[in-house]
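Handing you a structure now.
All chains are identified by letter, namely A, B, C and D, in their written order; residue positions are counted from 1 within each chain.
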Amino acid sequence: MIITLKRGAEKKDVDAVINKIKKLKYLPHISKGKDVTIIGMIGERAEIHKEAFEALTAVEHISEIEKPYKLASRDFKKTNTIIKIGKLEIGSNKVVVMAGPCAVEAKGITIKAAQIVKACGASVLRGGAFKPRSSPYAFQGLSEKGLIILSEAKKQTGLAVVSEAMTIAEVALVAKYCDIIQIGARNVQNYDLLKAAGKQRKPVLLKRGMATTIKEFLLSAEYILSQGNYNVMLCERGIRTFEDSTRFTLDLNAVPVLKKVTHLPVIVDPSHGIGIREHVPAMAKAALACGADGLIIEVHPNPQEALSDGPQSLMPEQFEALMNDLKVLAKAIGRSI
Amino acid sequence: MIITLKRGAEKKDVDAVINKIKKLKYLPHISKGKDVTIIGMIGERAEIHKEAFEALTAVEHISEIEKPYKLASRDFKKTNTIIKIGKLEIGSNKVVVMAGPCAVEAKGITIKAAQIVKACGASVLRGGAFKPRSSPYAFQGLSEKGLIILSEAKKQTGLAVVSEAMTIAEVALVAKYCDIIQIGARNVQNYDLLKAAGKQRKPVLLKRGMATTIKEFLLSAEYILSQGNYNVMLCERGIRTFEDSTRFTLDLNAVPVLKKVTHLPVIVDPSHGIGIREHVPAMAKAALACGADGLIIEVHPNPQEALSDGPQSLMPEQFEALMNDLKVLAKAIGRSI
Amino acid sequence: MIITLKRGAEKKDVDAVINKIKKLKYLPHISKGKDVTIIGMIGERAEIHKEAFEALTAVEHISEIEKPYKLASRDFKKTNTIIKIGKLEIGSNKVVVMAGPCAVEAKGITIKAAQIVKACGASVLRGGAFKPRSSPYAFQGLSEKGLIILSEAKKQTGLAVVSEAMTIAEVALVAKYCDIIQIGARNVQNYDLLKAAGKQRKPVLLKRGMATTIKEFLLSAEYILSQGNYNVMLCERGIRTFEDSTRFTLDLNAVPVLKKVTHLPVIVDPSHGIGIREHVPAMAKAALACGADGLIIEVHPNPQEALSDGPQSLMPEQFEALMNDLKVLAKAIGRSI
Amino acid sequence: MIITLKRGAEKKDVDAVINKIKKLKYLPHISKGKDVTIIGMIGERAEIHKEAFEALTAVEHISEIEKPYKLASRDFKKTNTIIKIGKLEIGSNKVVVMAGPCAVEAKGITIKAAQIVKACGASVLRGGAFKPRSSPYAFQGLSEKGLIILSEAKKQTGLAVVSEAMTIAEVALVAKYCDIIQIGARNVQNYDLLKAAGKQRKPVLLKRGMATTIKEFLLSAEYILSQGNYNVMLCERGIRTFEDSTRFTLDLNAVPVLKKVTHLPVIVDPSHGIGIREHVPAMAKAALACGADGLIIEVHPNPQEALSDGPQSLMPEQFEALMNDLKVLAKAIGRSI
């Protein structure tokens, strides 16, 4: 990192900076300009000490040079991580589509949903058994009963299954029944949950929070990776901005940026991202075109009857049309679905 | 609009609301709940009076029902507006690509740029003669001399030309030499400039501001339309969010939202939107995939020497590769370039 | 809530809306305009069903009328909630100051910090034993050992103590040693943690997340209240915006807005909010002036040596000067410290 | 500025960076770490060349060290700028209150408003003759007729007068009748308007845009200063964030930050900032407490009848009560009103 000193900083305060650098076993690179002095502190994990230096009297500003994450970085691993679930590969040239209802509501409708999305070409079934709801009075999910339904749908269709865990205890439960554990946007900086997801071996789908910077997002992934679980996929699902004509602002800029700095697969959730059913297909296509390795899309056999997130769920026929479009598009960009 | 009254509002204050509605020749629709009373004031342009009602003592909250813009609305005109410039059509099934350097810097390099983008398939040359720069000490553009260079490039290549006007006086000047007048993001609510652009007849490319909601964006377009100039195209070019790994956050969500509510052509500027050269192609492809009618892209024969905005300008070979990709992609979605 | 129907909605789709309202035992209020029809569904907790209605074919838009939270609302409880901890009252006319180091680092320095803040007039000691850090490689706190140090500082100074819990298990642990359990910004929508905090009886300091709307913030409080714990204080601590010259944007607008809609005490954290040591006093004074019931401020006996968040911690002499200013200011607005 | 090079940059590309620095007559300071090389380019106005360097192949990232503005900086002028208008001083220890209706609507009511605000202790009358309205169909102001009314109010009360100019032509007109020319939030980066305001000698009140960073805000002020007009005051008036319970988010953090980096007076507009009448007094007090040199507040003899911005205008009795509170508060912080 680069430490810019205050103009007219006293010698003893400047020395305090230099001594702190040396004490931490880094080499200070000092550049004196006419008015401003800067000190480079370059080396592995120097950025971890940023706050400690910011507190020093002589310091005006610190710029980070090295990335603060390591295992998630493409500098650490050059080739794309490919996550394997049976024969399914996530992160390869084949784009993965995960689809299904927002929440698992009942066995019949869930299995019907699974059959529909499978028939259209999806390879993973999504569905929430534990639902993070902003209101305590809203439907909170079927819990383990929902997971059992998902595993039944998996058995009947052969689809892999992804579902969200919101607590440390739920991580084990979701891992028991499902193939992928989702960590939701609201828990992206729930560090103990991330560690728990890192300590087990099922792949993790980590959703970006609505105000999470890309750097923070990768640091959250680093929490999982640093526990030994390298099967992490990153999911952009919309950030919060001033715009109020959409539910969130799906940030597709994150896709090429992430693909450059990390080797982890990048998934996009256009359903929550834009939050309006009729605009989900357009955003799904755009996500594919800018390099996403997968999509996670809400589909409901009858969205008008869904207990949660209905307004953004695609009808079966809309999903079928979208999948047809995506297949053509994937081919045009040299990928497949 | 729907006026929700305060709980326990006094009768005289409620009557003030009702009388104001009647005075404005609307019919009040009153619904009394157990705790809350709401009054509907429905009809053309009712929303214009929103602030006046918000000031009334009995009013708790007002929800808008009707769109406050009219001429820009698809309710007003169902079919897509197609802007014609010679043989060129903007807003049709054929996607238009506008490309060129950020600023017009010298004749030779501008003409070279024009030849390059034309050879790759662009149909409009972009280039700024008047440059909005955040610092007064930065290069401010060549002014009329720049416009003359653009018109020379137009003559030599047959490309149409777009350039920005920042003042009322510059509107006439740009109109004299160019085919399309650009109103920049920083002037999206410079209403007198919008009116001036509306009073002449050259097509206008209106850029969304970095904190402009889609509703405000359409109201700004309405300023131009209401002066009699119907040839307006809307350009998404990145909004300002908390994310700092990209220069702006290109908001592609705006594309399907705009295409639904307005008949005006929608253009996307991936260069300013993401602001990082290597990520411009990904965002250009995404823009095409989600329904943009055109793209405006910075290309510079030698970006390393550009006087402004160099970091986001594509090299000629990058632009050529992008155009090839876009052509395949356009075909896959049933359009052409 | 107010349901606006799409123009030209078919009768069967409109009937679906009306029937759904009736099925839920609400009375539909129908207002037909020339072009638009709106239906009012007014009554307790109508807003919970918003999403279900948004999914219906005929629905264009829904405006909420009733607040979706209940126990947190001033409509539910008119008078200010005053939280009692021994003789200490939070939410009364006397403004409470909580102060201390960001993290508990060692016994000696923590007790020294406690003595300093007590001498200056603080009545609660703050200090983190479990630290939410964006990087897995940064100092994570002393855990229970830190809580023991805090309880020792409490014994020696008589200060009440507040510390953060990040997991359900930590809630019990913090409750064992401390007087107030803090739920941090990153866990504001960690609903199971909120429920756990609601099931025990120690007061809770709930921090607003960096992208949490005021409505969502109150719904998160509602999670705690709905479990039977009414001793909740709300803490504004900075939101995330585009501005990068401060660490966060302390949103003081939230103070008068919250004081109006809820009876719960409102605390402000200027230290994390602006994140720059020299500007913390200005924001602390502003928070007091606009109606905050308390302040939580980072103070470190030697910020230059702090292991975390040093750059925003006040030096002892700065805190003393601030407390003197706050006492004069409190008197001027008819309160005391 | 500090230029970080890409890992593994080729020698010829690194040399291109060094040569460009030398060509611009700066001295390159090169620091090689194990993996990363950084080059310092330190000296006056180095930052102006940032974009040109960002375009170079070897460059990974550039950090700014020097502030890009000069005349606005406290490094350039250490003491507070005090703007004199007759006997009135803005920027001194005495806090200035500007008050009046949003728009000038009619002579009688404007003079009545002037008398009310004068009687309460305001020293400047505010009122818009040219109104920037988001809809072309809304009331656009009385134009010169409004300015004449303001000058009449000035004559009758002795108040100084501030009003907004939106075009270059209006600058001269407002300067003719008023004491202070306001540049509104929507024109904060209308650079030709800023230059026009800089070329005349009446003081300028420059409002921050809704997405303007503090650095950009000061660069906009620099446009005015660089033309020779040093009488510029900066006005914070609310930024755009995700929060929707207030009209804008008044960013009081800007007050201490601006007071540190610039010598120009800082004014706060709580009326537009929070946009809700009942919360304006709380934010006005907070602005005073955190160091604002002045306040600009909307007051209307009868807000319920105001043609624009009524919902945020204070009633006369509310303004009177606020002024009484502000006087006590100013005294408590060692200032006066």
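Keep in mind that, in the parts below, a residue touches a chain if its C-beta (ideal position, glycine included) is under 8 Å from a C-beta of that chain, and two chains touch if they have at least 3 such contacts.
Values in this document were obtained by computation on a predicted structure and should not be read as measured data.
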Worksheet item: Matching A-C on over half of contact pairs, by residue number: which of B-C, A-D or B-D?
Response: B-D
Discussion item. On a CA-centroid basis, which chain has its centre farthest from chain D's?
Written reply: A
Fill in: Centroid distance [mean C-alpha coordinates] between chain D and chain A, Å
39
Response to the item:
Rounded to the nearest Å, the gap between Cα centres of chain A and chain B is 31
Worksheet item: At which residue positions does chain C touch at least two other chains?
Response: 211, 240-242, 244
Worksheet, complete the sentence: So, in the complex, the side of chain D touching chain B is made of residues 16, 45, 48, 51-52, 54-57, 68-69, 132-138, 166-168, 186-187, 189-192, 195, 209-211, 216, 219-220, 222-223, 226, 240, 277, 303-311, 313
Fill in: In the complex, chain C residues that touch chain D
211, 213-215, 239, 241-246, 249-257, 260, 273-274, 276, 278-279, 282-283, 285-291, 325, 328-329, 331-333
Worksheet, complete the sentence: Given the complex, residues on chain C that touch chain B span 2, 4, 7, 27, 29, 31, 33-36, 38, 40, 42-44, 61, 63, 65-66, 75, 211, 240-242, 244
